[in-house]
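One structure below.
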Amino acid sequence: MEKKVRFKSRWLPWVLIAPQMIVILIFFFWPAAQALYQSVLSQDAFGTSVEFVGAENFERLFSDSTYLESFYTTAIFAILVASIGLSLALLLAVMANSIVVGTGFYRTLLIGPYAIAPAVAGVLWLFMFASPMGVVAFALKSIGINWNQLLNTGNAMTLIVIAAVWKQISYNFLFFLAGLQSIPKSLIEAAAIDGASPWRRFWTIAFPLLSPTTFFLLVINVVYAFFETFSIIDATTHGGPGTATSTLVYRVYYDGFKAMDMGGSAAQSVILMILVIVLTVVQFRFVERQVQYS
Amino acid sequence: MASITFTHVKKQYGNARAGVQVIHDLTAQVEDGEFVVIVGPSGCGKSTLLRMVAGLEEISDGTIAIGDKIVNGLEPAERDIAMVFQNYALYPHMSVFDNMAYGLKIAKMPETEIRARVDKVAAILELAPYLDRKPRALSGGQRQRVAMGRAIVRQPKVFLFDEPLSNLDAKLRAHTRLEIQKLHRDLGITSLFVTHDQVEAMTLAQRMIVLNAGVVEQFGTPKEVYQRPASVFVASFMGSPPMNLLKNIAGVPSGQVLGIRPEHLDIDVDGWSVSVEAVEMLGAERLIYCSLGANQLILRSYDDHLNPALGSTLKVKPREGYSHHFGAVTGKRIE
Amino acid sequence: MASITFTHVKKQYGNARAGVQVIHDLTAQVEDGEFVVIVGPSGCGKSTLLRMVAGLEEISDGTIAIGDKIVNGLEPAERDIAMVFQNYALYPHMSVFDNMAYGLKIAKMPETEIRARVDKVAAILELAPYLDRKPRALSGGQRQRVAMGRAIVRQPKVFLFDEPLSNLDAKLRAHTRLEIQKLHRDLGITSLFVTHDQVEAMTLAQRMIVLNAGVVEQFGTPKEVYQRPASVFVASFMGSPPMNLLKNIAGVPSGQVLGIRPEHLDIDVDGWSVSVEAVEMLGAERLIYCSLGANQLILRSYDDHLNPALGSTLKVKPREGYSHHFGAVTGKRIE
Amino acid sequence: ATEIIWWHAMSGALEGWVNDLAKNFNESQTEYKVVPVLKGSYDEAMTAAAAAFRAGNQPDILQVFEVGTATMMASKNTIMPVTEVMKKAGITFKPTDYVPAVIGYYTAPNGEVLSFPFNSSTTVLYYNKDAFKASGLDPEKPPVTWADMENVMTKLKASGSTCPYTTSWMSWVQLESFSAWHDTEFATLGNGMKGLNTRLAFNAPLQQRHIGNLEKWSKEGLFKYNGRASAATNSFVSGDCAMITGSSATYADVKRSGKFAFGISTLPYYQDVKGAPQNTVIGGASLWTMAGKPADHYKGVAQFFAYLSKPEVAAASHQRTGYLPVTIAAYELTDKSGFYKENPGTDVAVTQMIRKTTDKSRGIRLGNFVQIRTIIDEELEQVWSGKKSSKEALDTAVKRGNEQLERFEKANSK
Amino acid sequence: MVERKSGLTWLSHLVLLLGVLTVALPLYITVIASTQSAEEIARASPISLMPSSHFMDTYRLALFGGPSFQGGVIVPAWPMMKVSLISALIISIGKIAISLLSAFAIVYFRFPLRGLVFWMVFVTLMLPVEVRIGPTYDVVATLGLLNSYAGLTIPLIASATATFLFRQFFLTVPDELTEAARMDGAGPMRFFWDVLLPLSKTSIAALFVIQFIYGWNQYLWPLLVTTSEDMYPVVMGIRRLISTESTPDWNIVMANVVLAMIPPMIIIMLMQKWFVKGLVDSEK
């Protein structure tokens, strides 16, 4: 999409773009280049002995079965967070959109988690699930479910998915509600006259019309699950039990931040960056071509 | 097919105390197969009335029956009606075919029959080449036809149209009007057609309901309505430019309003002396704006050579047998 | 105030090889103080022409002069023109006052003078009560007036209007037409008015340019254009319903097209035998659709009592002195 | 006054202690001002310091946990050994004044003391006396051997405990300390103290036997895994678990938060193992002097270290936190003051440590130790969740850990 | 009447109530825990769901600091909230400012290398600081920005999310407005200030909320670049309270969580109307 009307000036656009360019050149491209450079080095924590090792860091990663597994873990986690997060938010948004009174009330109550940092969200949910003080764990136990996120892989994954979904649900909800409210009422009425039940109206009319919003949220949620959840994992499962909840970005965080494996962490950063750039390009292509319903 | 019977229908928005009454005790009967146009100024309740028939709006009081069946409690889907919306309300994500087939699919009609029906209707409406397109790839007129097609394929008992032509340009509008007429002739389905455009109303209606602030001012054929308007409101609403309404001049009994259409004022050697204020030339006709004392008058003339100077004086006379009389207070017609 | 002179103006979108030529070598002169309407079908280049005058679109070839000054190289702001856009293009976040004052503020006019000017124009346009409102709180007609007001306060040498009435409903349109006429009478500013609506063109224009695919078909007064159309295109574009164009019938030389307006066909005892296909009653008048061999004919009648049955045969005759002749190949008028 | 920046990781109750030390030192003289800065957890503080060092912004003093020792030692020109700091400042510094098992750990093969032993802990057993009583056990007779443990656990369970025994610091307690306690190698080359080409050895029969026992007890509901690092402490403090093995430094916390009487005892051991009990290994952290600072800063650092070594200061610290006394004088002072009598059990850690160490018990100093501990946690979790046998898990842990050691060796041997 | 059947309405309310309860439960427990004493929580199994009486004490301690139950010190949250507020404001306002300008340039001008600039900007779209945190630290340190608001905020500004949204929004602004402004004699910057900026109000509000919360919730980056306590933001304070090896003072932690929630909540509430509008207007 391009504008037909444009201003003419030789220098003004450069002046306008300069602040952003300076900031991203210095704080994005320079560090990114450094990460690239560090990914082919082997060095100790304090950078006192540095050696060029070529692709060794990458080779090491790809021969490490736990690293390869974390691709799988990340995919599962992202799929769960995105699908559960989106479906729940959509369900709530649809309900909030269908009622006449009280929408504002529910909306206000549902935006709380958005104000909480991911690093803290993890702590809160751990507080709910960890023995001994965790109420949820206690409640589960009293109905015969022996919750143990420390040893049960499923429980651990469930815990981080819950925390991650919870943190993001407000955002998804707000977008879905806004999207639903922008669907012309007459379309729903037309479908009602055509004989469609509420259920059918939703799936054949509202849901397809919501797809730009859904797609946007899907991208946002996948990116969120990919990158912003390491602190949730760090606060709750530390990637365990075993390496069952160790996602790619948690690995970067752990290796770079806890274990001080500079080369390995940089190599992982590079892999992630490539992944993200691919994702961005794909998204852009899609967004640009996206159906614009009139 | 079926008649539509309104019995003491009332509509109120909001609750009884603080609400607004939009339809006031409306009773009327639309015959089976009839094409009735509801006309009236903006906000008079036309859409509301239609939407109550459709089941999109609750009926506050009274009953609406389609055929013999009172439909007050029925879902829109159960009323066997089809509706064409002002903005068409086409499903933007479905192809033209799917838009038309949607209702049939829901009714679980066999695939082959759906195809046959849609194809037939598409042929009638000349939509066949566009069946695979999405609505956004159609022109305004084509969209309008799809909206009609969607209603037609269902073969409902009643058609409802809510200003379906208002988004079209003048030319397309005239054309579509003819098409709707033809369709109604062919299918004979009872139709309610809402508009606030009087040309549309005049040309399409078998009978028309003139609605004003939720009250029926007149229910009759276009000819009746045009030639014997039941009230000042109808007289001034129908006709463009509207009927001249004169008060307090010689020859008009006090307490009465005299109505004369612009085309029924003849220039003559005697009669009222009016002074010319503006002349508008519209190709085949001229409109001459004059004043007569405190009254404003418009004359319509088909004489190519008539070109009175501004400020000049003309003598005009109402044509014999074309005067209308109304009560000044009641606004009602006096025979 | 100033004249507008187009000298061999061409407009091309895209580059020379692959581009589309939209305006073809247009030469014309609009006199100082004249109100000229540019009319033509959609896509014929009306807006493009206007936008070139405004400086919003580059001129590919030729020159446009306002007064004595060639404006090809000037910025819009330097041309001393004002423009009213089809969708008004009001600044939605500014009050009516600020919308009107914006151009003056940029021109660094003193505060008090701005207020005086805006107040004056607001009074003329009856916008005084709305000066503090935002555009979204106005009706369509009011918005339209603000758009005009914004142009007027600038007291430019030239007014440009790009279909400013097309978003209004019929009634408001008629009303605004009169207002624009009055304004032009009062201010006498050279105006270019684009429309594709012929009623608008006929009523507003002192002279009109009929544009077709980037070429001027006729440039003359509305009367000339209506009564002596220069080409088949003009004949069929102006007038509603359009002029009947007949070919290959008795009395019409081959290689020629005979044109007769619907109102110039009289029902008589002899003449062509036409068969009636449809009758549309429009209040004051009737349109009778007929066929004459392969030709379609429309008759306009003001006779209330004429009501021919569908399928019946009428005898019709062109009225003496009202026939037009065109070359069948060139499309040009033959005197 | 010259500011001496001190990055530490002592949050919670210990932050007050650190701040008090700095405050008291600052008040004791006017030339220097020690500014303590809490930089998060141990690993976060170390990462931040490494990043800062690369950028030339390192603090003067950095607190590093014992698992970071090898990393600190291996980085060239990153630190200034304590011996050198003291010497430059002209302050006499006698390693023999310090608790041998502690100072030994932070001493290079050439005899140079590298870092200042600030807060050393070791592993002990805490038990809930109330729970013991309730199960008919003698609260004054803590289990001494793992055989005793099994009995006690079984009794506790029989009387309704859902968690007779838990542990924090899995690797530190159940493998590192355990190995030293039984005078068995955890890793070759004196547990890495003698060279970079050390390799892990904790998949030997003894450790297999022990982890196998824990696995069995875990299945029987006698032992409960409660998470990595010190996460398990909560469940002991809340009374859910009746016994815990963990850091001696938890003492203060347990004492304040627990609403029950508790006792402290030595780590259990297997009676049949020759040489057991030997000594446990240290944990906690030490203070490192970062290189590349102006000379007068080092004088200040030296003075601060000297201050921390004063018997009364060191003794107060020991009593306040549960960390081991830094100097022998401090231990003796504490003993004399009657503190151990008033607070029975607080001397357990000391007595466990004040022994002559062997090559296998002096301490464990491995490169990439953080990762190795995580690997051990990861692998052992597979045992508790029944996915791997103890042997399998230990073998894999050794294999994965050795890869870390190889990498460290490679990166640091030039 | 469509969609207004009472059965459906009740179902909707039921689902919403369940949703709200589930979503609010952790927050409820947070608030509850902040009214209990540290001892009560440490000994609880599980924690009580009833408020206790230590509300005032806990919050006074959390806000203004003092000795903790454990004998440590509680760092006051108040100054940390100030740091958070300042950096959240710098991040949100700074990002919006530079993004508005660059989106304006990209949409309304044609200039050489525009395509390259476009892609350079949009490649940064989804890559959070966390995955290049080490090298970014080096850069910030090299520039001498450690422990300053500049270092704390500017690197977080270096992404194009806002530019992207503004671009999307600008593309929907009708060309006629630009033309009208040109006819009125407005140059590009005048158009930007007088027309484009006021029109972008809702998008700006939406972005302000998103960026404010993003800035407010930073943890890892401040941990690295700040070295003095007066530069610590509140989320870092919370993590500091938790990352102790002993049992944290949960009541203080929870009070801090509640306190840290209040400013972003206020921002969301205040901007709620615009926020949602800005999202529908510009997204998609």
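Labels for the chains are A, B, C, D and E, by order of writing; each one numbers its residues from 1.
Here is the rule we use: a residue touches a chain if its C-beta (ideal position, glycine included) is under 8 Å from a C-beta of that chain, and two chains touch if they have at least 3 such contacts.
Because the structure is a prediction, the values reported are computed rather than measured.
With steps allowed only between chains in touch, the distance from subunit A over to subunit B comes to 1. Listing every chain that touches subunit B and subunit E alike gives A, C.
Between the chains A-E lie more C-beta contact pairs than between any other two chains. With centres defined as mean CA coordinates, subunit D is found 92 Å away from subunit C.
Between the Cα centres of subunit A and subunit C there is a gap of 56 Å. Subunit D and subunit E, compared by their mean Cα positions, are separated by 39 Å.
Chain centres here are Cα averages; for subunit A and subunit E they lie 15 Å apart. In subunit C, the positions touching at least two other chains are 56. Multi-chain contact residues, meaning those touching two or more other chains, occur in subunit D at positions 44, 47, 54, 234, 238, 240. Within subunit E, the positions touching two or more other chains are listed as 2, 44-45, 134, 138, 179, 182, 239. Against subunit A, in their complex, subunit E makes its touches with residues 2-5, 8-9, 11-13, 15-16, 19-20, 23-27, 29-30, 33, 41, 44-47, 49, 97-99, 101-102, 104-111, 114, 117, 120-128, 130-136, 138-140, 143, 154-155, 157-160, 163, 170-171, 175, 178-179, 182, 187-189, 191, 213, 216-220, 235, 238-239, 242, 250, 253, 257, 260-261, 264-265, 268-269, 272, 275-277, 279-280, 283-284. Across the complex, subunit B meets subunit A through its residues 54-56, 75-77, 81-83, 85, 87, 89-93, 102-103, 106-107, 135-136, 150, 154. The residues of subunit A lying in touch with subunit D in their complex are 42-49, 51, 60, 66, 130-133, 150-153, 238-243, 254, 256-261.
Here subunit A touches subunit B in the complex through residues 184, 186-187, 189-197, 200, 204-205, 208-209, 211, 291-294, going by the rule given at the top. In the complex of the two chains, the subunit E residues touching subunit D come out as 38-39, 42-45, 67-73, 134, 137-138, 141-142, 146, 223-224, 227-229, 239-241, 243-249.
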